[in-house]
Structure formats: structure tokens, C-alpha cells
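Shared between the two complexes below is chain A, which has chain B as its partner in the first and chain C in the second.
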Partner chain A sequence: MNVLKALEFLLHGPFGDYPVGGLNFGSLLVLCWQVAVFGGLYLAIRILAKRGLRVSIPHVRLPGLAGRRPLRDVRVLLAIALILPLVEMLTGGYYLTVTYNVELYVLLAIGLNIVVGYTGLLDLGYVAFFAVGAYVYGIFASPQLGETLHATFHFLVPATVGSGVHISMLVMLPIAGLAAAGFGVLIGIPTLRLRGDYLAIVTLGFGEITRIFAQNLDTPVNITNGPNGVVRIDDMFIGGYSFGDIANHIGPISIPPFLNYYYLVLLLIVITVFFVARLATSRVGRAWTAIREDEVAAEVAGIHTRNLKLLAYASGGFFGGMAGAVFAAGSHVIAPESFQLFLSVLVLCMVVVGGMGSIQGAAVGAVAIGLPYFLSSQLASLRVLIFGVILVLMITFRPQGLLPSQQRQAELAETVDDGTGLPHVEAAADLRQL
Partner chain B sequence: MEHCFDLLTSGITPEGVLQQLINGIALGSIYALIALGYSMVYGVLELINFAHGDVFMIGTFIIFGVVQATHAGPEMTFPLLLAVLLLGTVLAMVACAALGFAIEKIAYRPLRNAPRLAPLISAIGVSFVLEAWVTTYVSDRNHALPTLIRGEWPIYGYVSVTNVQVLMVISSILMMVGLQFLVRRTRLGRGMRAVAQNREAAALMGVNLDSVISFTFVIGSALAGAAGLLWVLNYSTSNSIGFLLGLKAFTAAVIGGIGNIPGAMLGGFFLGLAEALGAAYISNISCGFFSSSYQSVFAFALLILILVFRPSGILRERVSERA
Partner chain C sequence: MALLQLSHLTKTFGGLVAVNDLDLEVEAGSITSLIGPNGAGKTTVFNMITAFYAPTSGDVILEGVPTSGLKPHSVTARGIARTFQNIRLFGNMSALDNVLVGRHCRMRATYWGSVFRTRSERREEKASVEAARHHLDTLGLLKRQYELARNLPYGLQRRLEIARALASEPKLLLLDEPAAGTNPQEKVELSQVIREIRDRGTTIFLIEHDMKVVMGISDHVAVLDYGTKISEGLPADVRQDAAVIKAYLGADA
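The block that comes next holds the complex of A and B.
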């Protein structure tokens, strides 16, 4: 807890005991302290940077992996991911939950990376796909559907249907994914002409609209159960094996439900990475890159930009929808509050911080942001504050991300600002040194 | 079917519509003031300043704090009350202007030549910092002032305009006229217009880019601070109003034609009206399917429709299709 104490002193200085909260002078004192301390730090760094101080992020090199950068090596990442939960089980269940959450975000980040990183479509409404997947799974796998059908067509559907439709996850996962993919196409069609910031705002709008609908679609027909959300959602099951059964065990070792979900998501990630990596180097992937770099030129070069952009939305949506289905099954309850705009922003930041257009980057970004974020849940709103500060610093000091795709890195190095105000990147290249 | 017809005929009365029109114009004047900040910054930097809504939110809290610290209330004599409100407004405008200046310096200036996604992310980061700071250190609840300015003017039937609404509309129009004068008639305004047209050419002609951009942020943020006063006089404030209001104001700016000052004003009023009327009558029009809880959807739906069908806004300004 010494870390927390130190953090508190750094943030509040000597005014930590002052009653904070409410409109009083305590918050003013804290503000003065923070402006003095952090403003001073910031100025000092800027001045040092101007004087020619160079700090570069060191590359971690492990012995035995001579010359390799372990974070880029998929096998290393996979091995860590496979062993991690087993180690964590020894320390009790808490960290397993955190890891599982982070892992879901890894899946989301890799999915969003298709849309933002490869195709360059700035999507701030990714949460909509997650929500669609979660609600599709939730409605089918809970008594919700049966009860609604009975209430609406009570002369046709007997009350006994109310116990819910139980379908194997082998069917439900793709259905949830496909529903989200279809939703992606629906969002994509009206926004085909938009680019850049405008696209970001419109997708953000769609994300919010989705949430507001989820919140209000309990009348006139109860589809989403409104603000209360869908409850009593089944665990995933395959054959006779239920993921939520606490009696599952291999030999003498019992398997907690979260472990099932952890490995399920890991499997999904592996499948996703396999497809995305193949896709990225295929004709489709190259077309996406072309659209990202210059849409008009791509179109002139004979690329069917409309279909390919829709395909990017659909495939991004597919993985987001599957993540949503797993989320719904793992938590048994989904409510509109789970699908705030903040989630979209969080995932986008993971992609950007990790390095756009690189799968490892998205994964590393998700871990780098998600892990501290979920571990610090006791800091409440303070962690959002710290998250914002890190985001700003990260993007101003290292705009290309932690692990940028090598192709993109090479492009960034070549491009010099030609004075048209068009992207990039002399300044970014300079900042990288900082 | 009959039920729907009843909803349509009995629910919508001329008085009701008139009252909603008045409410909508009052709300729209605030949207317009905030929209100006978005519009100016977008005009000069082609950047959506996501943090602008939160700057506004901080402005509302400063005025709230001043009113609370001076124990101002409706029982105060009018000149004293006016002095308190003026003090609050000046403080809020100065603080917001300083905040806007600092935000530009820290979060946007280093990214001026970076890929377009970078400043957007940075803006989102700043927005989260501001909101989370207020949540952590000030308050995470709703705060409403007592009615400070009373009195209303009857118009027709039970319809009336409150003094606060009159104040909102008049002061926001005054500020917009002042801003228009600043942009059209002064040296700095000429610099802003030049930078908006072509940044590099303006710099070559001797316009000081940095100071023009800083100035744009300062003016926009000060207007947001002033909008804060108008907001707390009529509505309650909380730590979370910034983002949504900011988005709505941005919608207003887009509706009017972003980068265009009269357009922002027009867009603000348009959005205010659409929201007030929509929230009041959506239930009647849709036969009870939609309710007023869909209010926020109007702004987003309008934004999407405008961007898709008329991306240059009502007053056709600028080209929207930028990479």
C-alpha cells in the first residue's frame, strides 16, 4: 500500500487530509498543488527536450532470444497467455478475473484494429458491435425471449417456453458475431462517404444511439428489458460441458468457470489473429492499406472501396460481437451501462497506444492500458484521470504507439511534410527521439 | 389506430408548441455559444476539440462555486446579485480561457503536424482528464442553483417567457455579434481567417500562427465560460454534462456549416428547437412507440442525417470530405 500512499502524496501534496469533494477550498488547494507540481515537471521536461535531451524507450531483450524482440514474437506471447492463469490460480481467483477482462479487451482491440489500423476508418462506436453481440446472445440464452414471446403472442406461445432457448455455443457464437457484422454493414452504408473526424463523430453517434435504444426497448415490446438489462443468461456450453459448472474438474484439479472462459477467449484470439494476419497480407488486406493511405487513389487503381470498407466494418464487427457474446455469458447479466462510450474510447486508445495496424501492437496496447486500469479499480474516478493523462502524454511523445507495424513505421520514416498540411510526419519522427 | 389519432390531435396544442419553441430557442442559444468554440477551432485547425464541452462544464462549476461562496440568493438586492453574477462570469471566462490556452499548448501544439488521428485521441484524453478531475475533487452529483432571477412575461394563454430565457437569448446574440465583429473587422480576426483558409500561406504572409491559434482557443473557451453562466441560471450542472453537451454543440456547428460563425448560431437554435419539439412530441407522433427518453437520439440522428446528406451544413461552408 506504500505505492498508494506515495501516489496520494504526489497527487494531493500536504492537502490530502483536507475534505475533498463538494465545492470547497480543498479542491482549489489540491488544484494549486497539482498545477505547481505537474506543471513544473512538464515544463522541465519540455525545456530539457529543447536542450537536446534524448530519451528513447529501451527495447527489452531477454537472454536466449538474442536479437529478437520478445513482444513481437507471437510464440512468446502465446506461451505467456497459456501459462499465466495457471500461475494466477495459485494466488487465488482475483487476478484471474482481471486477466480475463484484459483478455476480452485484447480481442476487442484486435477486432477494432481491422477497422482503424488497417482500413483507416476511425470508429468511435465500436461498443455498438460488442453490445449487439452481447444482447443477441443474452436474449437467446436467457428466459427473456420466451417471456417476451409469451407476453406478446400469448395465444400462440405457451408460458412453458419461458424457460429460454438453450443452444450450443458453437451455434450461438457465430450467430452473435454475424449479427454484429450485419450491424456493422448497416452502420457502414450511410457513412461510406465520410472520412476522418466526421466519421469518428458519426460512429460515436451510432454507438450512443445503440445504447439509448438498448435502454428504452422495453416498451412497447420488451426486447432488451430496458435499464434493468437482461438477466439469468446461460453459461456457454458445448455438448454436455457447461462453462459455468463449478463441479468441472480434470482429475483431482477443479476448473473454476473463469478459467473456461479465459481459454475460450484465448482460443477466439488465436483464431482471430490467424484470420486477421492472413487477411492483412492478402489481396483484401493490401486493398485496405491502400484505402487507408489514399482512398481516391485506391478507387482509381480499381479497388472496390465500398465493398471493402463494408467488409472491414463487418469483420471488425464480427469479432466484437463474439467478444460481446462471451462477455454476456461470463457475467450472466448485461445492462445498457456496460456499453458506454467510454468502452469504445478505451479500445481505440489501446489500438493507438499499441501501434495502429499491428496485431501485436493491439494486443500489447490492450494489456498495457487494460491491466493497470482493471487493477486500480479501487481508485474509482482517479484512474480515469490518470488514464487521460497517460493518453495525452503517450500521444504527444510517441504518436506511433508502442509497437507500430513495421510497414507503417517504414512509411512514417520516408514521409516528409511537404507543406500541404497533409499527414505526416517529420514532427512525429522528431518526437520519437524525445 | 384511434388511439394514435387521439394522441396526435389532443396531445399537440398551439400553446404547447409555442412554449416548446420558446424553450428550444433558449436552449439553442447555449448550444450556439458552445458551438462557436468548436466552429472556430475547427476552422483554424481542422480539429474537433473534444475537450471544449468539459471546459464549459468547468465554467458552470466556477459560477456555481462563486454563487455559493457569496451566499447569493433571490432575496439579495438586484445590483448586488448582478455584481455577484458578473464576478462569477468574469472569473469563469478567465479561468476557461486560461484552460483553453493550456490545453492547446500541452495537448494540441506538439501534434500540429502529426497524423490526424493523434490530436483527436489527445483531445479525448484531455476531456477525460477534466471530467475525472471534477468527479474526483469537486463533485459527482447534480447541482442546481436556486432561481436567482425571477419574473416572466406572459405571451399567449399559459405560455410565458421567463426573464432568464430573455437574458439567455439576448446575451448570446450580443456575444455572437461581438465575435463576428472581432473576426471580420480586427487584425487578429483577419489572421484567423487567413489561417483558416490556408495555414502555410498565412504563415508565409507573416501571420503568427501560434498566437492566432492560441487566441482562437482563448476566445472559444471564454465564450464557453460565459455560456456556463446562462446554463446554471436555468439548468442543473454535473460533472458529466460536458461530453454530451459538447457533442450536441458540435452537432449544432455541423448543422450550420462548421467554420462559419452565423452558421453555428443558426445550427444552435435549430438543434435547440428540434430537441425541445422532438422530446415533447415524439410520443404523440410515433403513436407512443418512442418516448422523451430518446431525446439525445435526436441530436445524433440529426448529426448523421446532416453529415450524410448535406455535409456542408445549412450555410454551405467548407468541404467536409477531408481525409
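The block that comes next holds the complex of A and C.
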């Protein structure tokens, strides 16, 4: 609790007893205090940064991985991801939930990275894809659809349909993904001519519109059940194996539902990484990067920029949509408030903090931001403060991100000595032959 | 028939007539130059040829077929490539990747082909890398293929832009002031390279301010002033033309 007290003092100073909120003398004092404290903190950081204090990622050597950076090695990351939940099971269920949630962030960050990192389209409405995937799964895999159909066409549809449609996740996951991909194209089309800040503002608007749509689409036909959200959503199942069944066990060891979902999301991440890594070093990925670097020159080089931008939205949307479906199934309840703008901002920050245009970067960024964010959920508004501090520190000390892509790394001059004295990058064409 | 034909090409921006009723032909296999004082409308002509601007009236005709209604990327696919007056490379990509992007419209790999690395995709990628290296070699950039475009010296960036344009296997290459900002030695080399490219079968249409370069390599020169063509012909004839001298030096010269 002392930590809380200290943080509260940091935020409110000696004026903590004044009621904050609304415009009054007390809140003005607190505001001045905050400006002074954080302004000072910021300046101190800037001065430290000027002094040449740079943070580098520790170059840990592991046996059998001589000279490799373990965080860059996909096999190491995968091994950690595979074993982690088993270790956590020994410590009880809570951390498994945490890991599972962070893992969803990872999936989202890697998906958004296609749009922001590779193609350079600053998308602040990524949560919309997540929401579409979640709602598509939620509506189809809960009594919601049947009840609505019965209420609307009661003369055609008998009440017995009300128990919902039960379809294997092998079908539902791609459907949710494709719906979100289609939605990506749909919101992509009107934004094609926009760039940079303008694109960010419009996509932000679309993200909010999606949420408000979900909130209001309970009349005239009850599709989303409005602010109450969709409830009684089925667990994922494949064949006769339901992910939510607490009776699942291997031998004497029981398998908690979250473990199922954890490995499902891990599988989705592996698939996503497979897609992104392959695309990045091919004709399509090069075209995306070219669009990021200079859209006009890309068009002149013969790239159909419209189609490729839509393709990027669709790809990012697909993975975001699948993440949404898993989220809906895992939590059994979805409501519009699960899809706030802040989630878009959070995921975007994960991509930026991790390093744009780098898959491992997005993953590590998602952990670096998602983990403290999720763990601090009991600190209420303080969690946003922690988040802000992380951002300021990152932008000051390591603007290229934790694990930047090779290109960005070279851009910020990590020189490899090849005689020319100039930064050296492998061409994507060579990377793929490694 | 000429490879490229500009017929009554006009472009106005509001009240400003940037290009006025321009008729011009670029013969296949030639090096044709477009010169004129600053602001004469030369780059506007290029922008219309590459479909960046829609002409107010008139037509751009490539091999007898008007390009009206095409998007810039389809014009590239039809065989016109260009460089820019202010260099527009993909700065954070390697030189090799820049050239590979230039080959985009000659490659057929699809999304799924890229994800699953189909045999045709791999074969195409390999062939494209070879072709790209060949173009880099032509421009003397092979040694620096792995450097980021933005880290190359200015003269090499200009060359890289030409290499990227060549990668789309154009019939017609538009060069917008390729010699700008290069030193005399580089200009000589550049003229050599442009001739070489022409000799390999690519027609060159050039905007250039450096008269040594223009007069040295052009087969045909056209002069624009305030959007209107004031002279056209062999380099030697254009140089003597009173209207051209007046446009460049003023009435009293």
C-alpha cells in the first residue's frame, strides 16, 4: 500500500484532500503540481538523454546460441511461450489469465504491425477489427442470433432455434477473420487518399463508430443486444473437445480452460508470424514497404497502391478478427465497452515501442506494455500513468523501439564494419535465403 | 510511327496555362530532350505522360494508343518509367530492394504465392534478383547493393533512381534532370550511361538544364517557354535559334 501512497503523492502532491474533478481551486492546484512534477521529470530525462545515456538491449548469450540475440530468435521465443503456462499452472490460475491476455495483445500487435509497421498507414481504429471478429463470433455462437430471428420472423422461425448455432471453431475462426478483413476493406476505401495525421484521425473515428454501432444496434432489430452486450457465448470447440470444459484432463492432470485458449492463441500467433514473415520478404511485402517510404514513387514504380493498401488493411483485419473471436469465446460475454479507443492506442503503442516493421519487436512490445498494463489493473487510473511513463522513457532513450527491424536499425546507425563505414543491411531478398 | 506522341497537350492550373497546345513526337530509339527556362512546364509534361496529371485537353499517345484514363501504375506497366527531379527513393530500403520494387509490375507473384512460396514464386523472385543486380551493375551500383538508399551519396542516388526505373523494363524512360547537382566528371559518366541505355533499346526522353549534356547526347531537342513550344529540331539548330536565345537570355542578347 505504501507504493500506492507514494504514487498518489506523486499525482496529487500535498493537495490530495481536495476533491479533484470539475473545475475548482483544488483541481487547478493539482494540475499545477502535475505539470511541475512531470515537466521536471521530463526535462530531467531529456538532460540525461543528452548526456548520452542510451539503453541497449542486453546481449545475453545462451548455450547453443552463440552470438545470437535470444529475443530475436524465434525458436527461443516459441520455446518460452510453450513452457510458460505449464510453469504458471503450478502457481495457480491467476498468472495464466494474465499471460493469456498479454498473448492476445501480442496477436493484435503483430496484426496491426502489417498496417502500421510495414505499410505505414497510421491506423488508430484497429480495435474495430477486434470488435467485428468478436461480434461475429458472439452473435453466431450464442443464443443471440436464434432469439433475434425468432423475435423478428416468429412466424417462420420456431423458438427452439433459440439455443444458438454451434459450429466448430475451424469454421468460426476463419469466418470471424474474413468478416473483419472485409470490414477492413470497407473502412479502407474511404481513407485511401488520406495520409499521416489525417488517416489517424479518420481511422480513430471509424473505430469509435464501430463501437457506437455495436451499442445502438439493438433496435429496430436486436443484432448486438446494445449496451448489455452479447452473453452466453459458446466456448470454442473442435470435434467433441470443448475448450471451456473444466473436466478436460490428460491422465491425472486437469486442463483449465485458459490453457486451451492460451495454446489456441499461440497457434494463431504462429500462423500470423508465418504469414507476415513470408510476405515481408516477397513482392507484396516489398510493395508495402515502398508505399510506406514514398507512396508517389511506389505508384510510379508500377505498384497498384490502392489494392495493396486495401490488402494490408484486410490482412491486418483478418488477424485482428480472429483475435476478437477467441476473446469472445474465452470471456463468454462481449459488450461495446470492451472495444474502447484506448485499446487501439494501447496496441499501436505496443507496435511503436517494440519497433515498427519487426515481428519480434511487435511481440516484445506487446509484452513490455501489455504485462505492466494488465498487472496494474487494480491501480485504476494509475495504470495509465505507468503506461505514459513507459512511453516517455522509450521515446527519449530508444526511439527506434526495443527490437527494431533491420532497416530501422541501420537507419539509426548501428554500424557493421564492412570497410565502407556505412550502415549495412541485408536485402530482404537475401534474408529469405538464410 | 513515333513511340510517344503528344498531341495538342494542354494543362491549366486555374488561370495559369502551364502547358499550351504542345505537339511533340519521341521517336523510338532516340534520345529526345525537353529544355526550357525554369517554370516552363517541362515537369508538368512529364507528369501528364505518367498520368499524374490529367491533361486539360489533348492526348498522350503511346505506340498509337492514347493513355487517357490510365492510372500511373498502369502507365508504368505499359512501358513508361521515370525518375524525379527531386530524388524519390525508398530511403529505408536497400539499393537492391529499391530496384526490386521497380520490377513489381513485371512480377506476377500473388499474395498466396508469396505466403506459400510456390515454385513459380521462388523462380520469379530468383530471376528478379538477378535482373535487379544486372541493372545495378549497369549503373555501377552493384558493390553498394546492400546499403540503404538514403545513405548513398547524391550522385549514386540519382543513378539508383535510374536503375529502379529500368527495372520495370520500360520502352520509354523519362529522366527529369538526371544531371542536376552532379559534378563535371559525373556528368560525363552519366551521358555515357544514358547512351548505353539507349543502345540497349530503351528510348530516352530527357529534361535537362545542363547544355553540355543535352547537346552532347540528344538526337532531337524541343524547347518550352511559358508552356509553349518555341523551337524544335537538331541540337545544333536549336542552339542557333533566335527565339531560344531570347527565351534563355532575354530580348537584348
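In this text, the second predicted complex is superposed on the first by the 345 of 434 C-alpha atoms of A that agree within 3 Å, B and C clash if a C-alpha of one lies under 4 Å from a C-alpha of the other, contacts with A are read in each partner's own complex, and residues count from 1 in each chain.
The rule is simple: a residue touches a chain if its C-beta (ideal position, glycine included) is under 8 Å from a C-beta of that chain, and two chains touch if they have at least 3 such contacts.
Keep in mind that what you see is a predicted model, and the values were worked out from it rather than measured.
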item	value
Which superposed partner A:D294 touches (first chain B, second chain C, both, neither)	both
Chain B versus chain C as contact partner of A:G125, first or second or both or neither	neither
First (chain B), second (chain C), both or neither touched by A:G388	first
Chain B versus chain C as contact partner of A:Y42, first or second or both or neither	first
First (chain B), second (chain C), both or neither touched by A:E208	first
Contacts of A:S282 with chain B and chain C, given as first, second, both or neither	second
Contacts of A:R195 with chain B and chain C, given as first, second, both or neither	first
Partner chain(s) touched by A:L348 [first = chain B, second = chain C, both, neither]	first
Footprint overlap on chain A, comparing chain B with chain C	294, 420, 422-428
Complex interface listing, chain B residues touching chain A	46-48, 61, 64-65, 68, 106-107, 110-118, 120-122, 124-129, 131-133, 135-140, 143, 199-200, 243, 247, 250, 254, 288-291, 293-294, 296-297, 300-301, 303-304, 307-308, 311, 320-323
Chain A-facing residues of chain C, complex	50, 52, 71-73, 76-77, 81-82, 84, 88-94, 96-97, 100-102, 104-107, 109, 111, 114-117, 121, 125, 129, 132, 144-148, 150-151, 164, 168
Partner chain C, residues of chain A touching it in the complex	274-275, 278-279, 282-287, 289-290, 293-294, 296-305, 311, 407-408, 410-411, 420, 422-430, 432
List of chain A residues in touch with chain B within their complex	20-23, 26-27, 30-31, 42, 116, 122, 190-191, 193-198, 200-202, 204-206, 208-209, 212-213, 215-216, 219-220, 294-295, 341, 345, 348-349, 352, 356, 380-382, 384-385, 387-392, 395-397, 399, 417, 419-428, 431
